[in-house]
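One structure, as structure tokens, below. Some questions next.
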Amino acid sequence: MSTLNTSISTEQTQREAPELAPAAVQDKPEETAIEYGQTVGTPFADDAKFRLRDVEVYYGESQAIKGVSLDIARNEVIAFIGPSGCGKSTFLRCLNRMNDSIDICRVKGSLELDGQDLYDPRRDVVELRARVGMVFQKPNPFPKSIYDNVAYGPRIHGLANRKSELDDIVEDSLRKAGLWNEVKDRLDAPATGMSGGQQQRLCIARTIAVSPEVVLMDEPCSALDPIATAKVEELIAELSESYTIIIVTHSMQQAARVSHRTAYFHLGNLVEVNATDKVFTAPEHKLTESYITGRFG
Amino acid sequence: MQPANLIPLIVVLVVIAFALGYARSRALAVPMGGIKHLKSLPFYYAARAAMWCGLPALLVLACWLGFEGKVIQTLVVGSLPAELQPDSAGKASLILSQISNVASGALSADVVPPAIAEAASRLTGLQQSSQTMMALLVICIAVLGGFVAWLRIAPHINAREKFETTLRRIFFACAGLAILTTVGIVFSVIFETIRFFGKVPITEFLFGTSWSPQTAIRADQVGAEGAFGMIPLFVGTLLISAIAMVVAVPVGLMSAIYLSEYASPRMRGIIKPLLEMLAGVPTVVYGFFAALTVAPFISGLAAALGLQASAESALAAGLVMGIMIIPFVSSLSDDVINAVPQSLRDGSLALGATQSETMKKVIFPAALPGIMGGILLAVSRAIGETMIVVMAAGLAANLTANPLEAVTTVTVQIVTLLVGDQEFDSAKTLAAFALGMLLFVVTLALNVIALHVVRKYREQYD
Amino acid sequence: RDTINIVGSSTVYPFATVVAEHFGRNTDFPTPKLESTGSGGGLKLFCAGIGTQHPDITNASRRMKASEFELCQSNGVEDIVEVKIGSDGIVLASSQEAENLDVSLQQLFLALAKDVPNPDGSEELVANPYQNWNDIDASLPNKPIRVMGPPPTSGTRDAFNELALEGGCKTFDWIKAIKAEDKNAYKAICHSVREDGAFVEAGENDNLIVQKLTADASAYGIFGYSFLEENSGTLQAATVAGFEPTMDNISVGDYPLARSLWFYVKKAHVGVVPGIAEYVAEFASEGAWGDNGYLADVGLIPLDRADRMTAAESAVSLETMTGDEL
Amino acid sequence: MTNSTSQAEIVRQSLKRRYRKERRFRAYGIAAIAVALTALVVLFADIIGKGYTGFLKTTLTLEVTFDPELMYLEDPTDPAQLRNGDYLAPLIAALKKELPEVSGRRAERALKGLISSYAASDVKDLVAADPAIMGTTQRLTFLASDDVDVFAKHRDDASYSIKLTEQQQAWALTLLERGIIENSFNDVFFSNGDSRDPGHAGVLGAIVGSLLTMAVTLLLSFPIGVSAAIYLEEFAPQNRLTDFIEVNINNLAAVPSIIFGLLGLAVFINLFGMPRSVPVVGGLVLMLMTLPTIIISSRAAIKSVPPSIREAAQGIGASKMQVVLHHVLPLAMPGMLTGSIIGMAQALGETAPLLLIGMVAFIVDVPDGFFSSATVLPVQIFLWAGSPEQGFIERASAAIMVLLAFLISMNALAIWLRKRLERRW
Amino acid sequence: MSTLNTSISTEQTQREAPELAPAAVQDKPEETAIEYGQTVGTPFADDAKFRLRDVEVYYGESQAIKGVSLDIARNEVIAFIGPSGCGKSTFLRCLNRMNDSIDICRVKGSLELDGQDLYDPRRDVVELRARVGMVFQKPNPFPKSIYDNVAYGPRIHGLANRKSELDDIVEDSLRKAGLWNEVKDRLDAPATGMSGGQQQRLCIARTIAVSPEVVLMDEPCSALDPIATAKVEELIAELSESYTIIIVTHSMQQAARVSHRTAYFHLGNLVEVNATDKVFTAPEHKLTESYITGRFG
């Protein structure tokens, strides 16, 4: 990684950096080396919701997650940051077994939710996913009405016995997602007719309608404009009171704004986990620092 | 009760089973504090009850209907007086047919022996009691199945998983039908093919250059001794297919290119369905068009040019077949061209290439494997096409590459050998099955290659 | 099964269908179902056995062969009723734009046989060398020999082989002499059609031959008289051995390429499948096959009155064959 | 870059040549489309030109007196006698009234040649339905013979041969002038089954046969095809077996249809002993033939459902089957329907495999069930095109038009569905 | 935009911002308002390569660019930044008329390259694009050999008369792209077999092989890993000596590293253009500042 340090700098004057032979990329000074499975900072917590140990994920032959160990505490907001392709999404999707649908994907290590093994073959993924909800990068409402979008989860899980109960769940979820006032008069309108930001908030409402314990969010704002982003961030802040939230983001600012702890991934390794202000003001690991200060990414 | 009435009845029972199952699972949920404490939604418990009610009953119904005829036949025929007892299966079917014709009134009871008339009334009686029994049995099974399933509804049972497993098995069985079909095809040609090769050496069939299957179909009929070399048929098939491809590939490909790269959406919206109409025209229609309009036109044209063209020239059949295949090639090419990522197009345009340069030098080479695969599929379709050549191509197996001459094809020979004479023992009719086998093997090979090529190509961009 | 199933000759098919339709309209029985399978194919199906899966009646444009009769017997089809229904001429037709042929049987043999006597006169067979009609005889047109005819499954082809080719073949005495020594060799010579493209097997669909002839003035076609009659405005027929194929010439037997048409009834099915006897009676009625019957309208050449009467009698009484008459 | 301006110059100079190529390329494209469309137009013009007259029938309209004596009926109220009456006689008599110059048996026979051979049985049916008309005089319209039909429609067309005698032609002309013989819309064509009299021949039997056959095909192939597609696309693990199934299906889609005929003959008729010529067997064979097409297009439709929808549902805790049934299937349905309609259209036009399972038969009665003998439209076309009567040529073409009308409306339905349903959300 | 200022802050403690009624979004305080067509900073230059005035771009009914006026100087590197969907790519693609291929896209206003109207109907796009090259977000090498990729442009434009000239152009371009040493031994290998970073540099080589005057780059590094990104940035620095370069980037750090001037877009408006260091240290417009300091995006 020495190239990063020598050839790039934030000052724009230094543009004529000498051309480096590709070989030079290979020799990494010790300070930025990553020891397999080692994470600096405070990866472990006492009151862990998720207890993840030595997680390794393979896509066919290639290893996307390299021995990551991490605890995620109850009701915390943790942000995963790191350069593109470092495995943030992959790791996140292990937590509700969304990776199951990728045939070539294999997960190793111990992953526990409330002390129960996630990958136990007898475990029902349906129930797991009802407990660990997920919000995706691109808003993906069902091509149904707004009401049906929110009601879908409660319906398939049998959360409501009567229509009125269902109505209550829908209203409540939409309220929590800060969307109720905007849509209460057009609950029967197609969800696809909403703006991107509204759609994303609808997806959040849909997720919380099944009362999950954890909400996973994979770059939930990356397809949104600033105003919509602001609304969603606001919402995350509110939700953090009742849910454990794990958020992947490519925006360090966003991580800084919304999370309690921040985890920095690099090429499949979990390099550093720390309280968010610590990560952004005094990163422990050299790689984290380079990333935070914009040396790359 | 008629099966036609039984089925609606089963449907009603299934609906009832569903409703009762639904009610029971909901009722079970109430003391537990709502349906969310059930392992599955009430719907799934109900669906399982319905499934148990319907599926076994239908199965029994199907079996009953399948065996009923045989059983009744044995009973009725067996009770006939000794002098009427049939001594062969053929006679048995005759007598039964007579009995049932009398029973249905198609034959007057006066013209048949009294024993037969008696048997007819026995048949009617048996049929009635069989149907009553069947109805009773089926209803019992439906009710029993539904009831047991209903009883077994319990909150801790994961009905959804079980329901889904059953459904998935049904889906799998449907997919498996494809294998059965292939097995059926192989089965329906393999035995005759083997018998054929018992009469005609396989080497003669594969490498012989003369085809004239005029072996006697009766011992005392003298034809030519019969030659079974499939080379001329195959060459004829290839000649016609080649002509078809010469028409279809450039026209189809260029239309696809024009429509996908140049045409306005409006024009595309009009022309595409029109082209697809060419694919929808039945092959019989093409056949008569080829035989009655194109072929005379071509031989007239050839005569005007001082050439000698047969009335069944390969050219006529090939041209018309080419027209038929145009939409096939164009829609396949269209797919493939559209599958080339827009980024390549942008990359080329941004370098200042014109649209045609982009097409010719970037998109086309990139799409070539896919297009090749599509063309192979089109070739296999041309090789297997039947009605056009039956009507427009000849029957004489000339080994020639001259498109103005008449050639014959594999499919033409299959039809000629099979329609009109369905006795399965002469080398001549058996040859049809050997040809069918050949056709199957050749198209199989082409398809496997084509699929391989197309898949390789898809992987490149997916 | 309560519907009569009929298979067999494509030549008889147009007549049988008309009878079937009249029968269906004028009785309470369902209209019989007819499949055109060619005489040979029909007889094979017919003789395959008794039982509802086998046809009740088969039509033939030639008489049943002894071998076929035996096949029937061995398969349990013992009682067969034979009905001769009339005659048909095999015509050699072409488009009216073409030059009409006037050929002898020998010329026809030389034009279409696979092996012919050496043109130099020696008594040996050579592969047919004639490419143009006038190679055979200067009186014939200077046109390549191209004749479209039915495939060997059809009775028309059998009859053509027997009447035209063998008829011409017999005119060579040294070939005729072979018959006494080796019947099979004789047949092989006289019944083999050339396979070098001059004779085109054009399938069972006679109408397609008609259509192709109209389109192609250089070709001749072989088919039944009824097709000629129906297209008399566009087609013309060759004169064979001095006789034109007219109704009169055919019915008195002057035209050399005339043959009788037949159908065969499986007696075991009578009284089982309703209406068989009534169908036979309808076919054998004066209104159908008589001189002024509706079959004459579609091109059947009726038997003479006396023959008709005896044929009708034996048909209606369902007299069975003994096998000796063949 | 010092040479960049000169390079810009080079580029500019090359432009003319390159644009010429561009135009030529475009022209090839237009030419290709023109060729394809010309073929289409020629094909349709040919069929319509040959066949539009098939939609016309030629009839005679006369005052017919039902004189029992003339019809050899002693007691016109006795149904048994009524069945055996001579129904041609009153028609001839009525004709003779119009053409007083006709006398003698020969001439009368010639006159008979103007009337369809089944006209008498039509009249008989009329009387059977209403015996009260015996003894009255009715204005009747009945079919002319097929020779008159050809004469009335094609007397100036050299490709038809007129079979009427000079005398008959003169009569026919007179009757034509008086409006007694006239051409009108051929309703018979749509209400009858096959017949050997072109005037009586109709496509109803074939249409019903086609519908019955298609019903079997559709009822089996759509659910089976969709189920198979769902299995392969959503549930199939990546293993040898499913690979094999997949290769099989793709291959079956391209297996020549005649091979399916061989299959039907060997399996359904010879092995299972099902009867020949019946819609069930035809439908089964066509079902096996269309199944791959439906599976392939259904799979494409399933594939086109965005993965984000699947993820969304799974993320909420829907099971795989719920995802499929609640989301994928409804979204893919338009695509599946279009694919199936196109597959059905193909099956509707298919002839070759049916030739081998006995559906080429002369069947007059309109089929009344899945197990009654039937033929289908394309085979009917094939049969008519092979009939000696000239009247069948135009009827074959007319039947082709009927078939094409069915096919075009099915394709239009597919396009409409594609446009309509896919835009919904 | 008041929501942005009131509800979001960089301090993560302030997460419980009050929920705002949507109506509140409408009233913008003056300081962050954008006046249509007004740009703060130094949008104009004397020696303008591109002279763009009142550019408006519409996709069908919706307006993606709202009256932007800007000069781009000869041999400068200008970076376009701004939140997602603000119209950076759209504006960039106007400059070599890549938008032409989008049917519903309409461009209004005056766009001049060296004083000639870009959208003159008589103007030849082929020639224009030969002068204004473009590099895309995702590397898009043609599925041909490395050599053929670079030679493609010169070939179609007929820039080389002999094979040796073509060889020279290819070598020269690959050298400039810093790729020559890596690929000189496998020029015949398929370009699709290269790594992502190499592919992107190949695309740059391909673009400069036709000696354009301007190179447009649309997020050229966003699909690359840090090391490859560094290489490409290095290359941009070098190329800036001979070419005018316009680069769209979502990474402010990258803009800071490579560009002379930076233009900030916001919802289709060009809000501010200034020397890069000025933009990043002392932005003039309130919106720019919010964006730079990570208040949103």
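For reference, chains read A, B, C, D and E in written order, and residue numbers begin at 1 within each chain.
One rule holds for everything that comes next: a residue touches a chain if its C-beta (ideal position, glycine included) is under 8 Å from a C-beta of that chain, and two chains touch if they have at least 3 such contacts.
Chain-to-protein mapping (UniProt): A, E = Phosphate ABC transporter ATP-binding protein, PhoT family; B = Phosphate transport system permease protein; D = Phosphate transport system permease protein PstA.
Quantities reported herein were computed from a predicted structural model and do not represent experimental measurements.
When each chain is reduced to the average of its Cα atoms, E sits farthest from chain B. Think of the whole protein's Cα atoms as having one middle point; the chain whose own Cα middle lies nearest to it is B.
Chain centres here are C-alpha means, and the one lying farthest from chain A is C. Look at where the CA atoms of chain A average out and do the same for chain C: the two points lie 86 Å apart.
Once the centre of each chain is set as its mean CA position, chain B and chain C turn out to be 36 Å apart. If you average the Cα atoms of chain B and of chain D, the two centres end up 19 Å apart.
Contacts with at least two other chains are made by residues 1, 36, 53, 208 of chain C. Counting partners per residue, chain A has 156-157 as the residues that reach two or more other chains.
Residue positions 352, 354, 357, 390, 419, 422 of chain B each touch two or more of the other chains. Contacts between chains, counted with the stated touch criterion, involve the pairs A-B, A-D, A-E, B-C, B-D, B-E, C-D, D-E. Of all residues in chain D, only 1, 3-4, 7-8, 10-15, 18 touch chain E in the complex they form. Listing the residues of chain C that touch chain B in their complex gives 1-2, 10, 36-38, 40-41, 44-45, 48-54, 65-68, 76, 114, 144, 146, 151-154, 158, 184, 187-188, 191-193, 195, 197, 199-204, 208, 211-212, 215-216, 219, 268-269, 271-274. Contact residues of chain B toward chain C in the complex are 88-95, 97-98, 101, 104, 106-107, 111-112, 210, 212, 214, 217-224, 291-292, 295-296, 299, 308, 310-312, 390-391, 394-396, 398, 405-406, 416, 419-423.
Only residues 1, 3-4, 7-10, 12, 15-17, 19, 21-22, 25, 83-85, 178, 181-182, 222-227, 229-231, 233-234, 237-238, 240, 251-254, 256-260, 276-277, 294-297 of chain A touch chain E when the two sit together in their complex. Across the interface of their complex, chain E is touched by residues 265, 341, 343-354, 357, 361-362, 365-366, 460 of chain B.
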